[in-house]
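Written out below as structure tokens is the structure these notes cover.
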Amino acid sequence: MHAIGVDIGGTKIAAGVVDEDGNILAQTRRVTSPDDPASIDRAVCDVYDELSQKYDVGAIGVAAAGFVNSARSTVLFAPNIAWREYPLQDRVQSLLKKKVRVVVENDANAAGWAEFRFGAGREVQDMLLLTVGTGLGGAIVVGGNLVRGAWGVAAEVGHMRVVPHGHLCGCGNEGCWEQYTSGSALVRDAQAAVLTEPERAHRLVELAGGDSARLTGPHVTLAAQEGDPLAIELLAELGRWIGEGSASVAALLDPALIVIGGGVGAAGELLLGPARDAFANNLSARGFRPLAGFTLAAMGNEAGIVGAADLARI
Amino acid sequence: MHAIGVDIGGTKIAAGVVDEDGNILAQTRRVTSPDDPASIDRAVCDVYDELSQKYDVGAIGVAAAGFVNSARSTVLFAPNIAWREYPLQDRVQSLLKKKVRVVVENDANAAGWAEFRFGAGREVQDMLLLTVGTGLGGAIVVGGNLVRGAWGVAAEVGHMRVVPHGHLCGCGNEGCWEQYTSGSALVRDAQAAVLTEPERAHRLVELAGGDSARLTGPHVTLAAQEGDPLAIELLAELGRWIGEGSASVAALLDPALIVIGGGVGAAGELLLGPARDAFANNLSARGFRPLAGFTLAAMGNEAGIVGAADLARI
Amino acid sequence: MHAIGVDIGGTKIAAGVVDEDGNILAQTRRVTSPDDPASIDRAVCDVYDELSQKYDVGAIGVAAAGFVNSARSTVLFAPNIAWREYPLQDRVQSLLKKKVRVVVENDANAAGWAEFRFGAGREVQDMLLLTVGTGLGGAIVVGGNLVRGAWGVAAEVGHMRVVPHGHLCGCGNEGCWEQYTSGSALVRDAQAAVLTEPERAHRLVELAGGDSARLTGPHVTLAAQEGDPLAIELLAELGRWIGEGSASVAALLDPALIVIGGGVGAAGELLLGPARDAFANNLSARGFRPLAGFTLAAMGNEAGIVGAADLARI
Amino acid sequence: MHAIGVDIGGTKIAAGVVDEDGNILAQTRRVTSPDDPASIDRAVCDVYDELSQKYDVGAIGVAAAGFVNSARSTVLFAPNIAWREYPLQDRVQSLLKKKVRVVVENDANAAGWAEFRFGAGREVQDMLLLTVGTGLGGAIVVGGNLVRGAWGVAAEVGHMRVVPHGHLCGCGNEGCWEQYTSGSALVRDAQAAVLTEPERAHRLVELAGGDSARLTGPHVTLAAQEGDPLAIELLAELGRWIGEGSASVAALLDPALIVIGGGVGAAGELLLGPARDAFANNLSARGFRPLAGFTLAAMGNEAGIVGAADLARI
């Protein structure tokens, strides 16, 4: 059975017809307004109308950046779209001319599911996806099942606490993993280094056009790839936190594989090497099991479409 | 189908016939030697022979305090019994006169499963069991399934790190949750208080017969129940760590319920009250889901028998 | 011998003639420009000319918010005034018609010295002043002597690290004491509480005119004085960090008294009570010495004038 | 004026005549009993009688491993000798046939003073001595004066807290610097590494004769000097904590020099290199002052004799 996956971003939606092997057979896009949820509902119907003309589609999976209830029907809250307890499933279904199964999923869960089914995790049954972008999101697969939690809010991995009294998080708590493992953390630490080690931060400031306030994660990655010692250290520190936090997750869930996605993943082995070392140094029961692997996500930007479509079939 | 559950301790095994509703229909015991695994194999067969005379038994579940592989057949390592990569399933089955399904489970997993199926967690699908005894063990149920992990070593909850550079753990790492949430931690902190606040520790020392080296967890609980302010604080601190660590688990797994078992649970609300407060204060996304409940385990010492039997049916 | 003390602020200077008992005999002020150091030099001379007409003045002490070298002559750096390696002593002396001793002191050191000589610390020889304002500054008196350090940069108490990997400090390091013990920390934590405990934060938000971004330290203090539980907790937490950090200082310096100055001190016992408890609970060798006292600063806003004048006599 | 310095150990006392340049002109020893304070009093008199026959001695300085009151007369408590509020000065003076000035000093303070006056610190006025032995002791010199504190208990540097909720210290508190910077910490971490990284710990276990329980600090230093990567890491970690803790001290006291004494100092640059790096990375106001130096103690085992003698002259 083919299914449509829809990935809803802030200002546009991307959709595709996905077959049972995870292949995208056709794609389309629409522009939407984050302040107008109804525009998104209509756009989802619209892409269905378009894509279902050529393909026999049995279900629609919608990936949304927000908290989704465990019934997979309502977006409880979204940081960037005006959804508050929004019955997205109902709204879309009421607009569809034909009765089609519609399922709403958290976007990180959708991406993680795509990696699990068709990407980096397709050989394992227990997997942790860490999406290291501006923040730290993720998805958890346990025994071949996606972990959604009692109220649909599982896999908020970035909010596991790793440092008591640590950095303040946007969520209001202190010491969340996200504050040590994210692009924002990387930039914050790089800017602090500009202040405290100006001579070593020369290349970073140069890449930022002379203004450390304009420093970005890709600047750090570029400098590290050029061999800049400070940039390499900054990425290694981030990698170390990936590994240490993952060791805590492994104490709970014993995954076979940790998949690193998100923009910061572009640093590749500069990040994965230190992550592996730190994981090995902090894993409990390490003599009694193999070390989980660390690998980069394989599905690219279309993971949300593929995962949402696949989850809609379940 | 009835099943036999066998709970293997250091020097004895306890076994029972368990029906599909979790009722124990008959029980028996055997003395064994922890240094002689073959004595344990024989004892398991022996209790089967005894119990299967009166009851029609379709499976045997063996709960073992150790790491069990994900095929549920081999004990990889046990701290208190001479099992090292020990094929317990094979050994028992080769001794049985009749072919019966034999399944090996970690004892905390078995107990957690019993709580989930028939005890404190029977109304929920997502549950965390914390067994707060000498150490901190536990079990995790996600979406109605027991979490075993890729190599059978999941739910080593006591080894999630809660404090970087924190107390040294027996596992060789620093800052494991067990070092803050266990009877050993309680006694350690009580003994430190004897040193630093001798005047406030008067009742605790008295209960320990004048020698703080002989202080135990039950002494602290008793003093707290009498109203001793220091003992109440010590239990509240332990409860606080239960709540804070559980909030980190909840960021990953979003359980509906946290069940507290183990000897320290005897402190009841002196522990659960502070745990609930700390959980609420540290939970991410707390406005978007109910607070998970905290409750005491309900199955008592027979949880291992009941859970192992039930898991043998699956 | 009378001396003039000059307290240089961002946009004005306040000066007074101070006798050997710390009494201010006369005062005057001038408006200055922080971007124009020469305007400050002239203003210092000007107040000397005015005040020395009526009083016989033997020395001028200038209190400056910045790093002052150990020769007490040059401001190495100031955050709010355009002083960079600025030879303030030379500049002022070259403008004075009469040869008078001029000494430059860090403003927190001057205030601490005033408390030590004439204020809250006049009975002790070993004292720590903590100025809990927007940030955390202070002064240290050891054996009756002001501690200036090898390069004049001692008593940067706010930058003792209290939490590894803790909150990012404006200095570029993590976990500085200032990030846990200052008005900024108080406001940050209050704003986090608005996010995570909105129902309990009702009064705080109300005092901030409905907008938590406008919340200030005095709002928290006012709410606490009204009995608001959250505000009381927030101040107690700040007090706890005062006590815990002071216990670390006491391990090094064994002061008899900790004096709390700065705006946050207005909370009085709501702050000092928790500080005393935390100090007692964390002090090393506590059975072998009395507990240091905690008290509020006594000299008010004129401490800088009095202390600078007195230090100029030494 | 010559003075006698007496260094009181557990089972013997070592004494010497010291001239004003810190030279030891003659030495002698006595055996004593730690359980019999009177035997120590007599031995001090005895060495005075012996040494004063050939030298004109104006004062006796006694260095004692314990808390000494600020009047320098009474040992408040000693961990290894049966002194409890013991008036050592009075007892010795009452036994002396001739009236001689007797002064009691903490042994780490005496050693620090010797380094300051005649050893590694003779060029500076502000110095921190860290004695990294089994535990972490030290001495502080500020502006050329020894810091004794209000009650004589200053410079308990090992009990500055560096990790909230960190390792339990013998003092009853958590996270004391001593738990991260001492021979005991080094051995603890080495033994943990044997557990968690057995393959890398091969050389360490070998040096310990195959039994990690017999591992010592010198084993780690030896292995590191041979090039063993794990041992080098362990010393570097210890050095890192020296540097990080020293940066906190520097925020308070701005010393020009940090002198490392004690047995662990034998590791030399393997320790000092990482200490310097960590200090530089954590120092506040680092752009506005030179970096304090790190150097090894220069006075050897006789520092206590020399320092006690010199302090007796003051």
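For clarity, chains are labelled A, B, C and D in written order, and residue numbers in each chain start from 1.
Keep in mind that, in the parts below, a residue touches a chain if its C-beta (ideal position, glycine included) is under 8 Å from a C-beta of that chain, and two chains touch if they have at least 3 such contacts.
Keep in mind the model is a prediction, meaning the values are calculated, not measured.
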item	value
Classification of the subunit C:subunit D interface as same or different, half of numbers criterion	same
Between B-D and A-D, the pair with more C-beta contacts	B-D
Longest centre-to-centre distance from subunit A, chain (CA-based)	D
Euclidean distance of C-alpha centroids - subunit A vs subunit D, Å	53
Between subunit D and subunit C, distance of the C-alpha-averaged centres to the nearest whole Å	33
Cα-centroid distance, subunit B relative to subunit D, in whole angstrom	46
Residues of subunit C whose C-beta touches two or more other chains	163-165, 171, 173, 196, 287
Pairwise touch network: line, ring, star, complete, or other	complete
Complex contact set, residues of subunit B against subunit C	164-165, 196-198, 281, 286-287
Interface residues, subunit C side, partner subunit D - complex	67, 76-77, 124-126, 140, 142-143, 145, 147-164, 171, 173, 176, 244, 247-249, 251-256, 282, 284-285, 287-290, 292
Contact set on subunit D toward subunit B in their complex	163-168, 171-175, 180, 188, 192-193, 195-196
